[in-house]
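So, here come the structures, one by one.
In the two complexes below, subunit A is the common chain; its partner is subunit B in one and subunit C in the other.
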Partner chain A sequence: MKAITKVARDEWRFWHRTKLAATIIVIGTILTIASAVINTIKMQEAMHERQHLQQSSEAQFLDQPDRHPHRMVHYGHYVFRTPSTLSIIEPGVDAFTGTAVFLEGHRQNSAMFAEQRQASGMTRFSSLTPSFLLQVLVPLFIILIGYGSVTREKEAGTINIMVTQGFNVWYLILGKYIALVACALLMLLPLIVAAIWATFNGESALITSSFVSGYIFYILVWSGIVLAVSTLSSKNSTSFASLVAIWIMLCILIPRIGSSSAAALAPTAGKLEADFSVLEELRKLGDGHNATDPAFEQLKKNLLVKYNVDSVEDLPINFRGTVAQYSEEKLTIVLNQFAEKRMIEELSQAKIARQLGWLTPTTALRSFSMTVSGTSLETHHRFLREAEQLRYDFVQSLNNAHQNILSYQADINRHKDNAAARVSADNWQVLSSFSFKPDTAQTRLTRSLVYGGQLLFWLVVVLVVLRFAVRRVR
Partner chain B sequence: MQEEIIAASSLCVRLNNQTILDNVNFNVAKGEIFALLGGNGAGKSTTLKTLLGIVPPSEGSAAVMNKSVKTDIDFIRSKVAYLPESVMLYGHLTGVENIEYFLSLADITCSESDIERALVRVALQEKAWRQPMSNYSKGMRQKAAIALALLRDAPILFLDEPTSGLDPNAIDEFNQLIATLAAEGTTVFMVTHDVYGACQIAHRIGLLDHGKVVGMFERGDQSHINTEEVHSAFSKRNKR
Partner chain C sequence: MSLFSNLHRETKFLAKQRNLQLLFATIFVLSCFAVWSGISETTSQITTIERLIEKDTIDREGVLAKQSDYGSAAYYSFHLTYSSPSNMAFAAIGQRDIYPWKHRIRMLAIEGQIYETDADNPELSFLGRFDFAFLVSVLLPLFVILLLHDIRSVEREAGRYDLLVTTSKRQQRLWFSRAIVMCSALSIALILPFIAGALYTQASLATTGLMLLVVLGHITIWMTLTLTFTASKAAVKQSSAKIASMLLAVWLAVAVLVPVISNIAIEKMVTSPKGGDILLTQREAVNDAWDLPYSATWDEFLSTHPQWKNGIDMGPTFEWKWYYAFQQVGDQKASKLSNAYREATLKKDKLASHFAWLSPPMLTQRLMSSIAQTDTYAAMRYEQNIRNYHKELREFYYPLFFTENTFNLDKMSELPKFSDHKEKSKG
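The block that comes next holds the complex of A and B.
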């Protein structure tokens, strides 16, 4: 153990004296800190802005004057997905999926305000989120620091002196591994600080510690890869070239291939195509604005029988309101079927892409990081489902007011006497306040187990390769 | 009879279906300077690597201090100080730091004054002691490496082409140092292609050609081995 620490300390001394490694560590740490600070400010602003917009949207809805209930159905309401506390490090799908949904009758609108949808192609590369830095750039920094760890000893012949002194090469590699891991962990400091901050801001300690552990595993894996390649190579240049090739493959190509092949293996219908299919199905249900639509003939007959009257004018309820309610129920079933199908397709694409975590630790960490932080696609889908439930509830409550409070006569004469075709603004109180919360710690941890397993698998593979590499040094 | 420190008996080494060492026999006594002389590809480095346990013998045996390289390599390595042709040590460390570091890896604790005494003994200039080794010449690096060997108390020195790249003064200094160490009981085994250098310093020379020991030359009562005789044998072999 003493010898291992001695090697580790000497490695640090080397990095300190050669300046290059020290510069890389400083640059890496500053970049991560800067990115974490900027993202924290951005996410905090987004959180406050969305909370504020949510409240003002609710207040605006409730402040509407007396009016026809169906106008309120179309006046609509906004819901906003407030970011999770850990999104200061891992924004996840936030930038791609949209964060607000406009809720109105007869429609399920897509989420809006996705940063990346409004950006040009090149802007994607400039959004240096802390998670991107930690997942993609930190491995490159580890390579720059450690590629020569063992090849340097080979080129200088010092490894031969050690071997022929009877010094165990495994101790040498372990010492260098500890030094490299400790050095790379410095770049995780902003993440650790952010995790502590998140814990004090209500995030579960189990979640934040798992989140940090995932990144520590990633550092252990990449430090191992760097050491193994350096041990297997005979020259600094070979080690560097091999590691850069591995970095390009593991951090850029395979994750990219993953998303492309997922789209090919589990294709989804395009937006236009999907919209047309929905429209086609909805047409069969009839127009809820038109009570004389033949699609509601059976409903009319049933009501006349039920209330034992001869015409809709004699019904104790507003038939137009009943049609609106009936139509909303039927079309929501169809809309939900399409929405669920789309979400299943999106999720199966995401799951295919995540399977590539067995081929690259970057995908493994990305999946782990997003699921644990509550910024994954599953969380976004839950937001859409909760938003839809809210939409359905308030639209049907307004339709209920339409049916039971507004008289049929006043309703059909609304163009002649608009004032009579209004209901009291008290009826707008049907809107439940919306506050989106991340999944429970247990749900997120259960969901991330497989990706944690992928990281563990990588660590085992890398340590086995490292052991094999050490055996080749005689 | 003097104590036998290094012995090769019917030693054969085959690598990739090629015979590198073919029935090699020699032995080196305590305090003796033995040079294995040969041209490129003669098998000198393979012999050294076999004695260091880096290349295993295919047949025959190789032993250091009566311990087989096959079974007791850790013991052998603890007794041997090896100086490769290009002794680099760590460029970012000073001479003293290098020695301190390598000793600590061998779990040997030495005070700074012990290290300084060893550096004086190998005649490394004092002003260089605390300079980064990247500023050292090859001769200075060799001296530092020998100081390390002294502090490790290694009774055997393995030298690979020790004088190549050294200026004449440095060669003289080096030869003197090796002779002193041998006189004090250190056994020196060197491989070289430098006929003149080997004749000057070695007590005995084994001429190696195509993996076979084809000649053995001794100093006898002379101050050094007859250079012409060795040179003639060496040239004859290398012209073939």
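The block that comes next holds the complex of A and C.
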């Protein structure tokens, strides 16, 4: 043990002496701190802005004057997706999905105003998010610091001396491994601070600790790769060139190849194309605005029998409201059916891309980090589902007011006497307030298990390679 | 020694180096994959558009046949608009995965519809696509650095440097020809799949030529940079790995830091109205109109369409012309915000094009997607196409609403048709 710590301390001393390693650590740490600060401010602003918009949207709805209830169905309502607490480190798909949905009767709108659509287009490859830095750049920094760990000793011939003197090569490698990991962990510090901050801001401690552990695993994996290649190479220059090639492959190429392949292997039809089938189905249901549509004949007959009257005028309820309610229900079933299908397709596409986590630790960590922090596609889908639930609830409550509060006579004469065909604004209170929360800690952790498994797999692979490399030295 | 014999010798050297051949083979395979995935993406977009056009026509004809007045015809019928990928789009998917390239609109207020997107899977957009433009703009510099960083130091480390320098007549030529051979091999590995792709999609000679110029230009920039650096005082007596680290730092600065910092600067320089505000304005205008006196709508409407001032009498029941008039008014009220929103997007794009001069990878990326017409500018042009088409629809329907007309299905065959106007050539 003493030997190991001595090796580690020597390694640190060497890095301290050669300015290059020290510079990299400083630059890396400054970059991650800067990105963590900037991103925290940005996401906090986004969170406050969206919460504020949500409240003002609700207030605006409630402030509407007395109206025909169906006006309110079309007036509609906005919901906003507030970012999850850990999005200060891992914003995930936040910039690529719309963050607001307009809810109205008879339609399911898509999320609008994705940030990337109004961006300068400069941040398609790189972004100043802590997650990008930690997932893509920190491995490069680890390479720059550690490529010569073992080859340096080989070039100087010192490793031969140690081996012949009976010094255990494992001690040497472990010492260097600890030194390298400790170095990389310095760059992880801002993430740890941010995670603690997130814990105090209401994120479950289980989530934040798993999140940090994921990144620590990643650093263990990359430090292992660097050390293994350095041990296997004979010269500094070959070790360096191979490591940079490996970095390009694992950090940049394979994740993108995954996304391109997923798009090519499992193409999705797109919302627009599905909408043709949706419209076709909906037309069969009849237009809920038109109570005389033949599609509602059966409904009318049933009601007349139920209330034992001869015409819709004599019904104790407003038949137009009944039709609105009935057709909204049928229509929502169809819309949800197609929406679910589309979400399942999208998710299976994303999962194909995530499978490449078995080929590169970067994709493994990225999937892990997104699912744990609640910024993955699943969370966006959850937002869409919750928004839809809210939409259905308030539209049906308004239709209920239409059926039970507004009289049929006033309703059919609404164009002659607009003022009589209104209900009191008290009825707008049906809107329940919306505050989006990501999935529970348990759901997110269960979802991330596979990707945690991928990271573990990588750690095992790296340790096996390292073992092989050490044997070669002997 | 002539330059030609220099090149000849270096080519023979190259032919013997196994690991270099492996690198070139890998780059060739990557380029093949990038071109293949680009072609597969654009082909699927083209066939999707073809399918949509067909479905759209059938759908509309079916809907129109059931209508009995022009107002309902306009309300229930949708119209497909699209922007098909150019022949060169396979090489640079550009912004086409965030901006929509297909959209169905109807006669309602355009501001309420145009922000709906049928975008790609957000998680895949987040991961980023691997297209030819990415290979050339981001990875190519890394390949050049890997190839050329040790051009001098490897000889120095092998102890041949002084011998080489003293025996060659002009030592600059020696390094230069070696670099030329390496970069030519790199170019060939990159470009061959691209040319095959361009032939397959029948891209025009001019755009293919322009793309090739950009690729070669980018290689030249990095070759010059690497050569100059390895010859500089800072690099003398440094190990290969140290030189490469410093070159990597340069790459990191221009490929990662400059774009990120420019983005922050651009966000600060341009203020844009919130997209949500446009929709809110439009929604308030359209919904209030139902409860306002008719004159409120007509005053606003006639200020832009005075020719219909004799057609605004209202009967006792609902009239479509009033309905579409307040849709128009909704657009008019939101137009100031909406124009500012689009101007902000274009201004950001313009600023980005200036900032791109600080970063060769960014510049390359932008030039390539501009040649392929897949950039932000092209997306904005498509949005303008949609707006123009929506205007044409209004011009078609208004005479039918405002003059007494009984519904005639034959008249609907005169509905304006959307055409996908592309800019023929870019200046």
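General observations
Rule of thumb we're sticking to: the second predicted complex is superposed on the first by the 467 of 474 C-alpha atoms of A that agree within 3 Å, B and C clash if a C-alpha of one lies under 4 Å from a C-alpha of the other, contacts with A are read in each partner's own complex, and residues count from 1 in each chain.
Rule of thumb we're sticking to: a residue touches a chain if its C-beta (ideal position, glycine included) is under 8 Å from a C-beta of that chain, and two chains touch if they have at least 3 such contacts.
What you are looking at is a predicted structure, and each value in this text was computed from that prediction instead of being measured.
The partner that reaches more residues of subunit A, of the two candidates subunit B and subunit C, is C.
In the superposition on chain A, contact of A:Ser209 is made with neither subunit B nor subunit C. In the superposition on chain A, A:Thr446 contacts neither subunit B nor subunit C.
Look at A:Ser110: by the touch rule set out above, it reaches subunit C but stays clear of subunit B. Of the two partner chains, subunit C is the only one that A:Leu53 touches; subunit B does not reach it.
Of the two partner chains placed by the overlay, neither subunit B nor subunit C lies in contact with A:Gln337.
Once the two complexes are laid over each other on the shared chain, residue contacts for A:Asn302 go to neither subunit B nor subunit C. Of the two partner chains placed by the overlay, only subunit C lies in contact with A:Glu346; subunit B stays clear of it.
Once the two complexes are laid over each other on the shared chain, residue contacts for A:Ala156 go to subunit B alone; subunit C is not touched. Chain contact summary for the complex, subunit A toward subunit C: residues 20, 38, 53, 65, 67-68, 71, 74-76, 78, 92-93, 95-98, 100, 102, 109-110, 112-114, 116-128, 137, 140, 144, 147-148, 236-237, 239-241, 244-245, 248, 252-253, 255-264, 267-273, 275-276, 279-280, 283, 346, 349-350, 353, 366, 370, 376-377, 380, 415-416, 418. By the touch criterion stated above, subunit C contacts subunit A in their complex at residues 23, 30, 33, 37, 40-41, 44, 48, 51-52, 55-56, 59, 63, 78, 95, 98-99, 102-104, 115-131, 134, 137-139, 142, 146, 150, 153-154, 157, 239-242, 244-245, 248, 252, 255-256, 259-260, 262-264, 266-267, 272, 274-276, 279-280, 283, 287, 290-291, 316-318, 341, 344-345, 348-349, 351-352, 355, 361-362, 365-366, 375-376.
Listing the residues of subunit A that touch subunit B in their complex gives 2-3, 6-7, 10, 13-14, 17-18, 155-158, 160-167, 474. Residues of subunit B that touch subunit A in their complex: 52-54, 74, 77-78, 80-82, 84, 86-93, 101-102, 104-107, 145, 152, 158.
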